[in-house]
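Heads up, the next two complexes both have chain A, just with different partners, chain B and then chain C.
After this line comes the complex of A and B, so read on.
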């Protein structure tokens, strides 16, 4: 305890230096919080957006569908599977869907695209981005077999409006070409041309009939969970309750590889730059601590001459860096909090810049032009312990240097 | 009425005009009469099998090409078309068998079964879609015909029909207006409208001459209304009806063989 007090007092022998060092530690906290916080927020946002665009956080599908999605691969007993999944904790929503490719034609043109056949009773705007993005009209009802919801870009290409008919052609389970007519009940606009121009929503019962599926067959069950970080764990849990070799349960990391790749790359560069900043800051701390030790060699010499063991001296210097780290973290929290709350509630608005670029999307999802932050608990722990241990490690060399002091040498000089 | 385009384009002989099976909308009498006339045309054109040589001239904004083709057909759902000229593409073939369409490229020696995604694509670069070639047998179920005009127009006796697709029919058009000569019952023109009544495509027939023992239009031209400078024209050079054709001709194997 004596040692702690001594270390604390030592720290304040040069107030300005200690405060400047503390400030550089807190700057580390600040930068780390900004980078990690925007990352945590943006990734969660992108993952959730992507999940609600069709495949969910966890997808239950027939074996092999993910690698080659053909309509002959299909899930059976979908209603039962769905109700089993819905009973799990953390599952926000599970929906039975059919996904496939089709051609969409109007009198003036035809375009290729993909359809997502949905059951309107289990879908909602909250868990389906396309429904959330509806700008005109309303989702088809359960017994509306001729309903279709298309994107604004496709509507424009095909010169179609609400209520007009559109013919879609696809291949059924036998490989025969089948065509159906549908009427546009709603038009959505997500802002992503590749979605607005190629995705449509169809009523699942009609699609089952068209494709030759039975009323309990579908391509997949997509599961939306409350916390995207638990996707892999949930995927294992769902696979366990299904317990069927013919059925694959995949997390978004497997079904949405583009996004996964993008996030991995972004995360890696983010961490790398944080490590670099950390090293620069650590070098600064090391420098200050070392200076503090060097100018006190005489003092250390006396302490050792009057009987202080080197191990205690070592501990003293480490304790100094410990208290410096604590001080730095407290300062860090103080200067970062207002900034964090600003970003959390208001955010940085890049709307104008994004508009100039005509919207900005990555990995198949539209990015929110207002950048917010959000920190996961584990990120907070990682930042605090990271900065803390960095400071402690910086103290190791000065401490060792202090121990190496030869009392005789230091006392010889005046 | 893609049925007509297809049939005329490909086979000329085995056209299946819509004979309409459903009632409603206009007066029953008009429908019955329309059906009768269309049936007459149907009978006039139908052959059990056909063999034809025709050239196809495609003109678009970007290119212009002329091809000569040979075609065989049997019944409603079997047909084979092979390119004779230009030499570069000789042997390229399309086979229709039932609801399937196959394409063969001699250069790569590959047979492709066209998937639904390719059905709306252009057939050999023309203004016909692949779908035009396949879909014909359903036409009679898909439309309700009615006579909308009968009498003199431009100094000629004509009959005009309106073909209205059923609510549930997988048809992109809002309606089709077809005019034929009242005397010979030969087609003059077909106009395709979208649901708002805007014309989108027009098909005209001309150069009526005797082929395979009866008078028929030898030239047929399709023009997309929004690009009036573009068209695809089919000109018949030779036509034989009711020829003896083996079923094996319409197999995937025969795609690769030269006839």
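After this line comes the complex of A and C, so read on.
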């Protein structure tokens, strides 16, 4: 007779109680999967969306550009750098860009905003949210030096339509004011007013000429990677390849501090909620195990009387918690799987609610109004081991109580 | 000293005092007693005479306030908790009034329990348990749980559990109290056979005249003191 078998049999002395406790453990799994899964999905979604809005998961730029983004700070040999970065594993795309501030004017009005000068041959809708959000027209071609793509809100403010002219003015490398005339090739609509009203896309070759950059200079190289969780690691890897003190390689956590702060606060709140729920569930498990122990003090007395050492008795109660944890986790997986697949494939649609709130953004990033789940491998391990450990820890006090049994007290007569 | 007269239990000037409120009660006073191998002895006396206290101290479940208890020459007060557990596991068998089997285990598993604690290998355990169950008349019932067999059969399982490890002594507290007369006689027959054929040493605590009548030695206690010690 093995201790494991005895522990398993003991678990089923009170089937209803064991199943209720197993259910409460499975509820813990359910809630944890829901919270962590929506978190993993939403954070990834926000980070990826943010990365495709201009700065990528990793940004390579001239030293100091992140703190003070002036056009005199620029990278050289960008084509070579880009080519080296593209060789790395996990890099999905790398694009050379110039980013700066400008005034945009029509015949009737002018507005301030930011431009992102891009190379249309290396950009794609997949890695550039503004291109993906084009609702009218098409992206300019490489030879189209007069092309510009503006947001729908800016178009409205300047009372401009597709094909109309727009004048933009900025400062060049020498600090002199320079201006150009462009023609609207496309209009995008992301749904974020601050983006649609202030950002434009320009052809990089033309902007280089306007600013006085050489053909291989730019503000930055933005790198999109396959797995956002590896951004910091990739940032270090890219910095090692470049190996130049005048160039900074920054992860999205460094370039988008607002988003980083928002995610950190949200994650912390999420974890705290899970810990509190875990504590409530642990109290339930502790209560069940303790009741099971208190009901069996006489039996423990007998076991000790016939020679079971306290350490083995302790192990027996811990093994009961172990099997309870296994049972709860199995029940949890069974109960949670359909819910997980529903959220993964269909999701919860909050479009109406988001519309009423007037937008889909947080931290300056577009949010998907349909909430899905996605669990990373490490999250699955954390949930399962967390719930498992919690159940085992809940068994410590009952096990200690069992060991404290004095056979003489429990056996009034031997 | 022959094997038959080897001292198993020795009580030297044992006193056990309990505090009840502000009053000290001597459950056992200055008791000296020796139980030798092969004995079939009964401790008897009225309620409160100290029978249970003596049995608890011999079973290493309780400690004397003063005096020395030795089991096979080992002074119990000098043993630590794990040594006491090992002593109870290996050298003492217990038969309880209300059987006290583990309800989730079968007759076989209950009888096997202490052997498993001793770390005996499964094949060896199986052989020993099956032999002992046969000896106590439970062949064919080994897969029944306690709630699936009669009180007498449960007590037989308890006896099997107590003797399967070949202990130095079996302590039996009112082993016939919860069974009918016929079953009581059958259980006593069994224990007597085990004593006569296998040399198992039994020490009973009982009021049951049938047990007293069969005992080779009857020790009377009164107010925690030895009143008489008679060989029959």
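In this text, the second predicted complex is superposed on the first by the 411 of 414 C-alpha atoms of A that agree within 3 Å, B and C clash if a C-alpha of one lies under 4 Å from a C-alpha of the other, contacts with A are read in each partner's own complex, and residues count from 1 in each chain.
Simple rule for what comes next: a contact is a pair of C-beta atoms (placed from the backbone, for glycine too) under 8 Å apart; a residue touches a chain by one contact, two chains touch by 3 or more.
Please read all numbers here as calculations on a predicted model, not as lab measurements.
Novice: Between chain B and chain C, whom does A:102 touch in the aligned arrangement: first, second, both, or neither?
Specialist: So A:102 only meets chain B here.
Novice: For A:146, decide between first (touching chain B), second (touching chain C), both and neither.
Specialist: first
Novice: Determine, under the contact definition given at the top, whether A:392 touches first (chain B), second (chain C), both, or neither.
Specialist: In the superposed model, A:392 contacts neither chain B nor chain C.
Novice: With both complexes superposed on chain A, which partner does A:177 reach: first (chain B), second (chain C), both or neither?
Specialist: Only chain B; A:177 stays clear of chain C.
Novice: Which holds for A:380: it touches chain B only (first), chain C only (second), both, or neither?
Specialist: Neither: A:380 stays clear of chain B and chain C.
Novice: Once the complexes are superposed, what residues of chain A are shared between the chain B interface and the chain C interface?
Specialist: none
Novice: Show me the residue ranges of chain A that touch chain B in the complex, using the header's touch definition.
Specialist: Listed in rising order, the residues are 101-103, 105-108, 110-112, 146, 159, 164-167, 169-171, 175-181.
Novice: Which residues, counting only chain A, touch chain C once they are in their complex?
Specialist: Checking each residue of chain A against chain C gives 1-2, 6, 9-10, 12-13, 298-299, 302-312, 407-408, 411, 413-414.
Novice: What residues on chain C touch chain A, complex-wise?
Specialist: 52, 55-56, 59, 61-62, 81-82, 85-86, 88-90, 92, 94, 96-97, 100, 102-105, 109, 112-114, 116-118, 161, 171, 173-174, 205
Novice: Under the definition above, what is the set of chain B residues touching chain A in their complex?
Specialist: Residues in contact with chain A: 99-101, 113, 115-117, 119-120, 129, 131, 134-135, 167-174, 192-196, 198, 200-201, 226.
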